[in-house]
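Common to both upcoming complexes is subunit A, partnered first by subunit B, then by subunit C.
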Partner chain A sequence: MILDLHSHSIRSDDGRAKVENYCQWIRKRELPLDGFVLTEHRQWDAKSDYRKLEDETGLCILKGSEVETEYGHVLLFGVNDDLVAALDFSRLDLPLHEVVAAADRCGAIAVPCHPGRVTVGMCAHYGTLGPCEGVQVIETLNGGSRGTENEEAIALAEQYGYRGVGGSDAHIVSFIGRCATKFEREIRDIGDLVSELRGDAYEAVSFKE
Partner chain B sequence: MDIDVNQLKEDWCGRQFDEVQIPVAAKEIVEFAQACGETAARFTDPSDPDFQAPPSYTSRFHGGRAMPKDFPIQSHQGFDAGKCVHVNGPLRAGDTVTARSEIHDIYTKTGRSGNMLFIVHRMTFTNQNEEPISVVDWRLVQNQVSRKSKREAGQS
Partner chain C sequence: MNEGKKSFADVEFGEDLPEFHPAIDMKSVKRFTDATGMSWSRFNDHEEAKKQGLPGAIVPGIMSQGILAAMVNNWAPGCTTLKIDTIFRASLLVDSTATCRGVVTDMVEDEGIVEVDLTISNEAGETRVMGTALIRLQDA
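Let's look at the complex of A and B:
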């Protein structure tokens, strides 16, 4: 099963894609995706319900978040009321170790994303802040990465023994599915996703042309 | 960040600071549509029974002032981060639109270039019957790191 773990809809301030249009694009272009996760910036979108769209398109549409820490941006999967109460999602300077610990405590998982990106990726900060305890998974393939940013992320994962996932970081329709994560087992809901991410039966895949 | 965003929001968001009336002429609609590469007759041919302005037409307008009087950040202190147009109804030749301006939102985020401050300037357009035409959100972005660095280096 292949899921794009990192995407943004118009609910993010810089997102220009409607969720319906992502679905149409995936089906029309026959992309090898079984679904995607919406990870809106600095917020938890509790309201949106995509079950009808899932039924209509046969795609798995899950929700997460992308928050900002002193190490850069971090994807959160398995966001629930407890985690929303524990973290101020709107902050730009959340302490990464607190995000990781809170996610773990609340049954979620934190995944630093685009680690190779300057300023908002963790590679650059490891030199000055040192490694962050508790990190298990990072985004090694990001569809919006430039130059050698993904290579740097892969090197970081190899150095620290992190598992790697992939996501497009799509903000516009045509970017969905550029990178994704291939899971050995089926994922039906966010609980399945968190459970699988805690294991190791998956790999990051790239479909960038 | 050296700006208290929450205070800035509390002080300035949601308060109308400008209002202008703008007549809409067929010739200008056609010129705008052609400049955008539109080919549909309803946007390019005034004799079309459904002749109207293209959806993004109101994004061309600006008010009497870009930012409220005494607002601590003026438009020349940042750069354009794009416009988003939400269309509510058709704009026709001969209409007179009223454009009301407010600061809709102020927020921060981090990106490759560091901390950024975004100001969302909203213009709400209605026609002469007070029917909603469109809402245009224009984002102004200011790179906080570069401003601070310049200040610390003694530059303006």
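Let's look at the complex of A and C:
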């Protein structure tokens, strides 16, 4: 099962894609995706309900979040009321170790994304702040990466023994599915996703042309 | 009167606009900045731009927007451009080889409105500018 773990819709301040159009695009272009996760910036979108769209398109549409820490941006999967109460998602300077610990405590998982990117990725910050305890998974393939950013992320994962996931980081429709994560087992809901991410039966994959 | 113009019925979801390589050499950029009163060193002088911390002279953002607007209008002459919405991901360098791409990603039939994803990438295939255009096409 292949899921794009990192995408943004018009609910993000810099997102320009409607979720319906992501689905339409995936089907029209026959992308090898079974679904995607919406990770809107600095917020938890509790209201949006994509079950009808899932039924219509046969795609798995899950919700996460992308928050900001002193080490850069971090994807959160398994967001629930407890985690929303524990963290101020709108902050630009959340302490990463608190995000990782809170996610773990609340049954979620934190995944630092685009680690190779300057300022908003963790690679550069590891040089000055040192490694962050508790991190287990990072995004090693990001569809928006430039230059050697993905190679740097892969090297970081190898150095610290992190598992790697992939996501497109799509902000416009046609970028969905550029990178994704291939799971050995089926994922039907966000609980399945968190459970699988805690294991190791998956790999980051790239479909960039 | 409508001969040669693209109508809503001519367009398909997922349709690619013709790709093109805009002229962003120093001479073309200087011509643009002279015309717009933006003849500043970060656009017109690689060495001076580097002293300002840039990797070289950069193409002005509004020139990129103009290039994308021109691409849309070349594809659909006579269309009404309602919005060009750009996200500048990284600098587009003067004298680089850029490629502009567009693809139809939304169609609102009742209003004859089409949304197009737009990108400008460099020779490494890295997206430097992305965005969307909202255009209204005439009825068939």
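Note that the second predicted complex is superposed on the first by the 209 of 209 C-alpha atoms of A that agree within 3 Å, B and C clash if a C-alpha of one lies under 4 Å from a C-alpha of the other, contacts with A are read in each partner's own complex, and residues count from 1 in each chain.
Keep in mind that, in the parts below, contacts are C-beta pairs under 8 Å (C-beta built on N, C-alpha and C of every residue); 3 or more make two chains touch, one makes a residue touch a chain.
Since we're looking at a predicted model, the values are computed, not measured.
In the superposition on chain A, A:Glu152 makes contact with neither subunit B nor subunit C. A count of residues in subunit A touched by subunit B and by subunit C gives the higher number to C. By the touch criterion defined above, A:Glu68 lies against subunit B but remains apart from subunit C after alignment on the C-alpha atoms of chain A. Of the two partner chains placed around the shared chain by superposition, neither subunit B nor subunit C is touched by A:Glu139. When the two structures are aligned on the shared chain, A:Glu196 is found in touch with neither subunit B nor subunit C. Within the superposed three-chain model, A:Ser174 lies in touch with subunit C and out of touch with subunit B [touch as defined at top].
In the superposed pair of complexes, A:Arg42 makes contact with subunit B only, with no contact to subunit C.
Judged by the touch definition given at the top, the superposed model places A:Asp34 against neither subunit B nor subunit C. No residue of subunit A lies in contact with both subunit B in one complex and subunit C in the other. By the touch criterion given at the top, residues 1, 107-115, 118, 139 of subunit B touch subunit A in their complex.
Those residues of subunit A that touch subunit B in the complex are listed here as 13, 41-42, 68, 72-73, 90, 92, 117-120.
Those residues of subunit C whose C-beta lies close enough to touch subunit A in the complex are 13-14, 85, 87, 89-90, 103, 105-106, 115, 117, 119, 124, 126-127, 130-132.
The part of subunit A that touches subunit C in the complex is made up of residues 14, 16-18, 21, 24-25, 28-29, 144, 146-147, 171-175.
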